[in-house]
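Provided herewith is a single structure, encoded as structure tokens, for subsequent inquiry.
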Amino acid sequence: MANSRFQYVRGFESEARLLPNTWIVVRIDGRGFHKFSAKHGFKKPNDARAINLMNAAAVACMNEFPDIVMAYGESDEYSFVFDKRTQLFSRRGDKIMSSIVSFFSSTYVMQWPQHMVDAEGQPEPLVATPHFDGRCVLYPTLENLRDYVAWRQVDCHINNLYNTTFWTLVLKGGLTEYEAEQRLVGTFSKDKNELLFSEFGINYNEEPLMFRKGSVLHWRRIPVTVTKEGPTSKADPTPVVRTVTRQKLTVIVDHCDLLQEEFWTEHADVFTSSSVYANGPREAKGAAKGRGRKAKHSSETTTIVEPKEAAPAASEASQRKRTAEQACGE
Amino acid sequence: MANSRFQYVRGFESEARLLPNTWIVVRIDGRGFHKFSAKHGFKKPNDARAINLMNAAAVACMNEFPDIVMAYGESDEYSFVFDKRTQLFSRRGDKIMSSIVSFFSSTYVMQWPQHMVDAEGQPEPLVATPHFDGRCVLYPTLENLRDYVAWRQVDCHINNLYNTTFWTLVLKGGLTEYEAEQRLVGTFSKDKNELLFSEFGINYNEEPLMFRKGSVLHWRRIPVTVTKEGPTSKADPTPVVRTVTRQKLTVIVDHCDLLQEEFWTEHADVFTSSSVYANGPREAKGAAKGRGRKAKHSSETTTIVEPKEAAPAASEASQRKRTAEQACGE
Amino acid sequence: MANSRFQYVRGFESEARLLPNTWIVVRIDGRGFHKFSAKHGFKKPNDARAINLMNAAAVACMNEFPDIVMAYGESDEYSFVFDKRTQLFSRRGDKIMSSIVSFFSSTYVMQWPQHMVDAEGQPEPLVATPHFDGRCVLYPTLENLRDYVAWRQVDCHINNLYNTTFWTLVLKGGLTEYEAEQRLVGTFSKDKNELLFSEFGINYNEEPLMFRKGSVLHWRRIPVTVTKEGPTSKADPTPVVRTVTRQKLTVIVDHCDLLQEEFWTEHADVFTSSSVYANGPREAKGAAKGRGRKAKHSSETTTIVEPKEAAPAASEASQRKRTAEQACGE
Amino acid sequence: MANSRFQYVRGFESEARLLPNTWIVVRIDGRGFHKFSAKHGFKKPNDARAINLMNAAAVACMNEFPDIVMAYGESDEYSFVFDKRTQLFSRRGDKIMSSIVSFFSSTYVMQWPQHMVDAEGQPEPLVATPHFDGRCVLYPTLENLRDYVAWRQVDCHINNLYNTTFWTLVLKGGLTEYEAEQRLVGTFSKDKNELLFSEFGINYNEEPLMFRKGSVLHWRRIPVTVTKEGPTSKADPTPVVRTVTRQKLTVIVDHCDLLQEEFWTEHADVFTSSSVYANGPREAKGAAKGRGRKAKHSSETTTIVEPKEAAPAASEASQRKRTAEQACGE
């Protein structure tokens, strides 16, 4: 067979797998986005449309790859955190990372027209090719993972405070970009806060959370109630109208403070799962696959409720939701 | 500084670089393209529009990353071969691979409307997210590299002969897909060739080259003649009209046979460059960068030709072009 | 300088570092030790001299590389566990692993004459070259690390029970090796225990711990009392005789059950140190270096005790020792 | 089975293989040999006994691992070059490297007493543990490999010229080590050559080749003639005395100049073997294994020579030998 003469070249491929039982973070980062954003007239210091587009692409990634337990985005970068037990692509880092960065890129272009609209609601033309590079990083403990996302969120804070002050000096203060830069040399956070407040009456802490904290994506089971008609059982074929409440796993876009305990307490079931792994990889694999399967095929669990029954009392999930809103609602 | 407390997490990142002086192949592969092509009604066994879209995305990648010396595509996969001396991203494999797969994905979506048009010239709606996974493979010698692309081209041949026969049996022979599959069990290439010819009057060797050989992308210097007006020199400010012929580096889409010597002889300057490397990485880096710089900033070299002068005699590049057409034109 | 023309080749070397904050296990394994042990007449099923030699070489490794927090040996293999915070060789896995396997090998040969003595106390001639291969494995959590050493200890148990039964059948039962092998096909642990007891009056659980459990090496601070003469202080140059008790970090060779909690509770200070790392790698590095420095330069801490004072009450360390003996003493 | 609960930990092990068709260099390097050599009174600037011991250990490695095609040693380091086609340990770099460094270390200790003898022929006591670290480096082309060994040999030259001058100033010139160091600051090779000659009458180029060039180990087939008695064939059982000449593959210790062409021309059969690989890894594997098998089991090929026949005319191998001596004999 002609093929066999050449296929020895497969032996040059690496099938390296990522260390088991570690948190996999895929971080993607816009290439040349300074120029890209200028070319497309992104608003300064923040363009909510562009951030929403990034978030939409990230949400799409989480729905496509449900083993992602959370994601964090700021500016032109996004970090995706996989369940430490994930067996996606047998933990082949290159396949995981490339699939994410590809899916994100395609979605970014596909959803551009919905998000990047001008004042008249017309989409801005896409005149350059948005693209991202990616990398995989492993974190062995939850503490390290939390420090990672904290690092990115502190980075968001520092950059956003700087950019907000810089562009306020330029757009409202009438300074040139060079003058604004010079003005900020050597300043600390409190200096920038003070400058914004005393000279422009801006309380930085009242700026939108999305700009100050970046975006935190996570899963939440949301009860969805639908009405169905059909036989109750095989024995009794009489059609009955029933109300079915499903707990649908849904990606939530949040802007909470990841340096605080609340987020992690809220999602303790997701992030303190190491005990599962202790029973060996089979169970862990099952667990991670279960999650994936659910999210992929139905994203929901069905609970049949009697028609007469009142809406169920606040479920654990909805309670969690309220807590999260309080926790992250500043 | 608050940042410093967390930034130790950077120490978990790997900056691994690919072995120097080896050919880097980035192969990307459509994820779930069987379903994707069915959903978008790709023609069987080959949809020229879809292949042209893949090729267009690959051409865009080569123009964006001019250290790619050739690319080979078939079906929903593409292989990009980097100059063995490339210093792109300091040879960090994850950055190289992710940037390619991201740029390809974005371009695929952006160019979809131009390529995927129906009989009336209307673009087909894009209803699913096309995406690709990627991998990096290293080949130490030109021999191994040639065997790699030969492996892919033989794969293309085997798949296309099978698919052509299968779909002919279904579309022209009226067989069900199951019957067609059964009919082909255990057949060899010559059996399929014979079946196509005796039963359907199809000479497989007359099928389009693009389907049988896949697509081979490479660079060629193409002379471009423009007319310019301006002073000849600082000493003489009188404006003169001059004809300027530039050799513009252009990506060529070819369908030649990579198992033959011709392609490799034709591009011997690109593929037998090891002597440059012997002088150490500085020169090699310079060389690779030079190529990149040229392609990036101007993609051309300027030769001033006297207006009276006739068109230059067949240049090396145009001679090469003719040879290539003969060589690859079957 | 002539050198510079060639030194680009250094760029082909990899400086890959092991993932921070993970337990590093270096396991070494005798190559061809079946033949090696036969050639040197090792006693069957266990040769206490050979095991003691392995243990002595492992103790030497721990003293040379004090970031090893424990080691486990059975048969011709040894596993060395490094402090998860170690910065030895900047966590370059190849340097760590190669230094251990080299040091172990040299020590094995150097100490051969002391350990491998015949009945008359004469050293056996060393007629072949003992050597080992090595590997590095990372474990992200203490749970995974404990499962690793448990895996090796269970392996020791299974092999030793088999070997004990096999050689009893051969040496006491008069079976050929083939007959003994056939006799044991399909038997379970309880069958072998029963066979040993009913046919040979051997209670397997009374076999030496070292054979049944393998060897567990760990550190213990042992008080060492020495007498010193010298001035008490600069102010008072009169020489005084003082008794100085030093806590000397010493490697202990144990044979305790690593599947039980006791060992891990006993050494909780060593194995549950993750909180230190939370403060970032600098502190962790300091901590690990501190340990190394102490062990290397002095292996002790000095506590001056008044001459008149009685022996100190059972210190924490000596209490720990007693607990350990009870815990591991079956 | 109790084992299964823990054996998931094997999944944390990496089985990474080195890129095929590349030259594998294992370089080992003495750890703390400055101190080690001082402690054992190595002669300055070179101790021929210590170098011979290093060489003996390296020869033993080549005999144990016959896929090593050459080795180069200087000072306390040794580089082993494996056939680019080797399939030893399935090209698992950690196993290859650790086995070499372990075998070398053991042999170093075992052969210490034969080599490190004092003026009375008594072995020096070994009072510290010699050990080495190791690393694997890949070189894709022969050019890169030659540059690698050239790099090491130039390093040897530079160090040896410096050390020779330094120790001459100290031992014959009566300078302190500090004064000698100061004297050599900023000097070039020609300055040191001049200093040695004009002040001490030493022509550096007449110093022993072993010190100036380091040691080059390679294989040579050497004819060995033995006398055997036995039946000629099954048909004729009459015992006959025959002279058998075997070509025995033997490791040669050389000190030739690796920057010159001669060595590489001489061993062109070993170093320009890429054509074999073109036929795929099976043949290559066979070839490499063949070499291994021969060297391991018999290290020879048998040619029966008629008793009356004179010694064979200078064979290819012996001719090669003479050429090598001329080539390397300066």
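By written order: A, B, C and D. Residues from 1 in each chain.
Heads up, the rule we're going with is that a contact is a pair of C-beta atoms (placed from the backbone, for glycine too) under 8 Å apart; a residue touches a chain by one contact, two chains touch by 3 or more.
Source: prediction; values computed, not measured.
Trainee: When contacts are scored as defined above, which chain pair ends up with more C-beta pairs, A-B or A-D?
Mentor: Spelling it out, more C-beta pairs touch across A-B than across the other pair.
Trainee: Centre-to-centre on C-alpha atoms, which chain is most distant from chain D?
Mentor: It is A.
Trainee: With chain centres defined as C-alpha means, what is the inter-centre distance between chain A and chain C in Å?
Mentor: Roughly 46 Å, centre to centre.
Trainee: Take the average of all CA coordinates in chain A, do the same for chain B, and state the distance between these two points in whole angstrom.
Mentor: 34
Trainee: Starting from the mean Cα coordinates of chain A and chain D, work out the distance between those two points in Å.
Mentor: 56
Trainee: Would you give the residues of chain B that are in contact with at least 2 other chains, written as numbers and ranges?
Mentor: In chain B, the residues touching two or more other chains are 5, 8, 12, 14, 19-21, 138, 144, 147.
Trainee: Enumerate the contact residues on chain A facing chain B in the complex.
Mentor: Touch list, chain A to chain B: 2-3, 5-10, 12-14, 28, 31, 60, 64, 89, 94-95, 97-99, 101-110, 126, 129-139, 144, 147-148, 150-151, 154-155, 158.
Trainee: Using the touch rule from the top, collect the residues of chain C that touch chain B in their complex.
Mentor: Against chain B, the touching part of chain C is residues 4-6, 8, 11-12, 14, 16-17, 19-21, 280-282.
Trainee: Which of the residues in chain C come into contact with chain A in the complex?
Mentor: Answer in residue numbers: 19-22, 138, 140-141, 143-144, 147, 274, 277-278.
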